[in-house]
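Both complexes shown next keep chain A, but they swap its partner, so chain B is in the first and chain C is in the second.
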Partner chain A sequence: METSRRNFLKLGGAWALGLAILPAVKGFAANNPEHLVNPKAMAGKRWGLVIDMQKCWPRYQAGCRRCFDTCRREHNIPDIGNKKEEIKWIWTEPYGDAFPDQQHELMAEDIKNNPFIVLCNHCDKPPCVRVCPTRATFKRQDGIVMIDYHRCIGCRYCMAACPYGARSFNFRDPRPYIKELNPAYPTREKGVVEKCTLCVERIDTGLPPACVEVCPAKAITFGDLEDPSSEARQLLKNRYTIQRKPELGTHPSIYYIV
Partner chain B sequence: MYRDARYIITGLVIFVGLMTFPFWSNAGRAAPAPAPNLDTPAIRQLPAKQCIEATQYMRAYHMQLLNDWRTQVVRDGKEIYVASDGKQYTMSLENTCFQCHSNKAEFCDQCHTYAGVEPDCWSCHIEPKENK
Partner chain C sequence: MIARAFNGSKRYWSWVVFLLVLAGIGFACYLVQFNRGLTVTGMSRDVSWGLYIGQLTFLVGVAASAVMLVLPYYLHNVKAFGRITILGEFLAVAAIIMCLLFVFVDLGKPMRLLNMILYPTPNSILFWDMVVLTGYLLLNIVIGWTMLEAEYKTVAPPKWVKILIYISIPWAISIHTVTAFLYAGLPGRHYWLTAIMAARFLASAFASGPALLIVLCFIIRKVSKFDPGREAIDKLAAIVTYATIISVFFVGLEFFTAFYSQVPAHGMDSLIYLFAGLDGHAKLVPLMWLFAVLAVIALVLLINPRTRNREATLIAACGAVFISMWLEKGIGLVIGGFIPNAFNRVTEYSPTPLEMLITLGIWAVGALILTFLYKIAIAVKEDLL
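Up next, the complex of A and B:
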C-alpha cells in the first residue's frame, strides 16, 4: 500500500476513534465494576504507635507475650526455629540495640536491661520504598509501609536499606512451620520479604492493629500522628518520648515512652 | 557442497517431529470437557444459584476480576466490590470466593487442568478444606 498523507490521516482518525470509544468498550467488557473503601475503615494521614514500655515491662517480665502471639496467629507467621531464617514482625531488642546512639555507660539499669518492643517503624521517609525496584514495597496514603507479595521478587534491596532490621526473608516455604493456620489470612511463599503491615486488613475494616487491641496493659497506643487531637499525639505532647535512630532521617512513626 | 543435504534434511525432520510432538501425541484423544461441580453446602443454601457476576462473565473473566481485586485491596486499601447488580462484596479470595466454592479440586482444578494453566494463587492463599 502506498503511504500517502491521506492514508496516514485516515489511519490516525481510526486510531483516535478507537481511543475515544475504548472506555465504553472496556466498561462493557468489564461490567463496569466499582470498588469502594469500607465505610467502617479508619481514615488517617499518618498512622503511628506510641509504646509505653513502663506499662509493658511489669507484664512482659511476668511472661506476657500477647502482642507477639496474637500477631503470629493472625498473620500466619511461621516459627522456623532457627535464628538465621527467623521471620519476625514484632519482637524485642535490648535498649543498646534498639537505640544504639542514645545510650551512655551509666544508664539506669532497668532501661538498659529491659526488652524493648520493636517492629517496622512505618517510616515517613522509608528508605525501603525508595530502593524497591518493583514497587512491591510502597507507602500508602495513610503512611503505612506495605509489601505487595504479588510483586516482590525477593531481591532484598529493602532489607539492605532498612536500618532497623525490620524485614525478614522467606528462605523456604513457611507453610509447614505455621503452628495454627488462620484460614482467613494468606501465608507467604518462599522467596519473598515480609514484615509488619500495621494490620492494614484491620484498619481498612475499622479495627485498630491487633497488638494494640490485645495488650492487657494498654501499653501500645495507635493514632493518626497528623491529627493533633489523636490519643497518640496527646501522649507525644505530654510525655517524653524517643524514636529509634532519629539521626538517620527516616522519620519513624513508632515512638517510645521509657 | 550438497553432500551435507542428507544430514540437514534428517535433522530438520527430527526437529520438526520433536517440536510438534505435543500435537500429534494428543491427536484423537479428546480430553473430557470439565463440568465444575457447584454442589457445596454454601451454594446449596443460596436461594438463587448465582455468583457475584453472571456465569458467562465469571467463566471468561474471573482472572481479570481477581487481578483487579488484588490491586484494589493491596495497593489502594479498597475492599468492597460493587457488582453490576449493585450488591456489595468483600474482595477476598479466602473470605468471599472460598466460602461458596469450598470444593477446589472440583471447582477450580478441573478447568485449570483442562486448560493447562497452573495459577500459583495457592502457594499463599489458603485453599478451603474440602467438605464432602
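Up next, the complex of A and C:
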C-alpha cells in the first residue's frame, strides 16, 4: 500500500516535471535543422487539380489504371476485398453518381455512365475539418487537408461530414492486406480514418502528386489555384470546368473538364 | 446511504445478478471488438455510424427529460413532482453514463479518448457534446445526491443546490440541442440538414423520457412501499401526451417539406428508403412502419382520457411511446441519414449479434446503475414513511 502510494506520487512528480519542461523541449525541437522544411518543397497557397476527362477516357477504356495503381503502391493502401470496408483514395464513379445534381434524365447514356476520377477534394472550406473533435483532420496552409493518424480517435464524424464519400475507415488491421509494401511510406493501424493526401510527402520534396506524374495522357494538372499564372489556372480560364456538388459551399479544389 | 443498495430482497438480488450477467456478456463481446476492430460490427464505409451512436442519440433524450420534472416543480411550483424529481435526476445519471459508454465503444481508437480533452476543439460539435454531457452528469449526481442526503437527514437542502438546479434546467435543453446539432449542420446529409432537428429531438425526448418514468413509477409502487403518487403520474401522462403529439407532428413536417417540394435531395430519398425501400433495399421498412403504428396507438390511448387514466392502458401507451421513439431516433434517424450515400447509392446496415450484445450490455449497465440509485433513494423515502 505504502510503496504503491509513493510510486504514484513519484509518477505524478515526473508528470509535473515533464509538463514544466515541455515548452523548452518544444523550443529546442523547433530549432533542430532536421525539423526544418525541405528547401526543395513546393510553395503554394491552395493546391488543386484540374482533371481533363476527355484526355483520360480513351486510355481508361484501353485499360489504363496507372494513377490508381501507383497511388495504391506508393501509399500502402490495403486491398481488403470487401466493399463495405474498402479503403479508397482515388477511384472512378459514373458521371451521374459523382455529379448527382448536374445530370438530367435525357442526358446521353454514355456521358452519364462515363467514369470520372474521384478523390478527396481538399475543400477550401472542408466540413471534415470543421467537425473533427481532436484536430486530427486539419487543413495545411497550402490548402491540403490532412489526417494525423496518430491523433485520430476513430469517431468517424468526419465521414458523416464529408459529402463526397472521400474518407475510408480502417475497420480492421490493414497491414495484412497490403500487396507490396512500400517501406518509404507509413502504414496505418485499425481504428483510424484515411484518405488521399494529395501526396504531401512528394510536394514537400518538390515533386507533383504521383497520379499527376504517372498519367500517360497528362490528364491531371496540378497547380496553385491562387496563382493566376499556374498551369491549372490557365486551364480553368480557357476551358469549361465543373466541380462536384458546388452547391454545398465546400469549395472543392478539384476541377473537371468534361 | 450507499449501504442501502446492498441490502435487498432475493428478488432484488436476482435482478442485479441478471443485469451483471448481461453486462459481463457485453464486456466479453467488447473485448472481441477491441481486439479485432469495428470490423465485427455491421457498419461500413457508407453507413459509418450505427446502433451505438443511435443509442447515444436516443438516450440523451431520456436524460434530458429529467427537466420535465424539475422545471414544473421549481419554476411552476407543481408540488406533485416534489416526491419524484430525484427519480428523474437519477434516471438522467444512468442515461448519461450509458451515452458516454456508447461513444466509447464506437471509437476506433478508444485509448485515445483523452485526445478530445487534450486538444479541445471548439469548432467541433462532438467536443461540445462531450462538454455538455459530462457537465449534465455531474450536475445531476451532485443535485440528486445532495437532495437525497438532506431528505435522509431530514434537514433543508443547502441553498447552493437551488442554484445548481436552476442551471440544470437550460443545461438539459442544451444536451439535446447540441446532440441534434451533431447531425443538423452537415452538408450533404440531407435527411439531417433540417432546422427543426433540435426541436424534434426535444419533443421526442419529452415523450420518451417521461414515458419511461411512468413505467418506472408503477414498478416502484409494486416492489416498494413508496408511492410516487397518482397526481404525479397523471401530470407526467399529460406531458407524454403533448410531447408525443408534437413529436409526431414534427416528423410529419419533414414529410411535407420533402414530398411537396419534390426536391429529392431534401431528405426525400432517405424517407423513401426508410418507409418504402429504395432501389430494392428495404431492411428498415418494417421497423419504420412499426414506429408509425406504435405512435398512432400511443396517441389514441393517450389522447382519450379514459384510456390515459386507466393504469393498464397507460402503461401500454407509455411502452408504445418509448419503443416508437426508440425506433425513430435510435435507428431510423441515424441510419437514414447515411442512405443513400454520397453517390446516391444504397448500402444497407444491420447490426451484428456481437454489436447487439455489446449494446445490450451497456443497457444492462445503465439498468444496474439505475437500480442501485433508485434502491437507495427509495430506501430513504421508505424510512420517512
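Just so we're on the same page, the second predicted complex is superposed on the first by the 223 of 258 C-alpha atoms of A that agree within 3 Å, B and C clash if a C-alpha of one lies under 4 Å from a C-alpha of the other, contacts with A are read in each partner's own complex, and residues count from 1 in each chain.
The working rule: a contact is a pair of C-beta atoms (placed from the backbone, for glycine too) under 8 Å apart; a residue touches a chain by one contact, two chains touch by 3 or more.
In this text, all values refer to a predicted model and were calculated from it rather than measured experimentally.
Of the two partner chains, chain C is the only one touched by A:Gly249; chain B is not. Taking chain A as the reference, the larger set of touched residues comes from C, when chain B and chain C are compared.
In the overlay built on the shared chain, the residue A:Ser168 is in contact with chain C alone; chain B does not reach it. In the superposition on chain A, contact of A:Asn113 is made with neither chain B nor chain C. Once chain A of one complex is fitted onto chain A of the other, the partner contacts of A:Arg130 are limited to chain C, with no touch recorded for chain B. Of the two partner chains placed by the overlay, neither chain B nor chain C lies in contact with A:Gln61. Legend: residue contacts after superposition of the two complexes on their common chain; A:Arg188 is shown touching chain B, with no touch to chain C. In the superposition on chain A, A:Cys152 makes contact with chain C only, while chain B stays out of contact range. When the two complexes are laid over each other on chain A, chain A has residues 173 in contact with both chain B and chain C. Put simply, chain A touches chain C in their complex at residues 83-86, 88, 93, 96-98, 100-101, 127, 130-136, 151-157, 159-165, 168-173, 190-193, 245, 248-250.
Residues 53, 57, 61, 64-65, 68, 70, 72-84, 88, 91, 93-95, 120, 123-126, 128-129 of chain B touch chain A in their complex. Those residues of chain A that touch chain B in the shared complex are 29-38, 41, 76, 138, 140-142, 146, 148-150, 173, 181, 183-189, 200, 204-205.
For chain C in complex with chain A, the residues that touch the partner chain are 36-39, 41, 43-46, 48-49, 103, 106-110, 112-113, 115-116, 118-119, 121, 123-127, 130, 182, 186-189, 265, 337-338, 341-345, 347.
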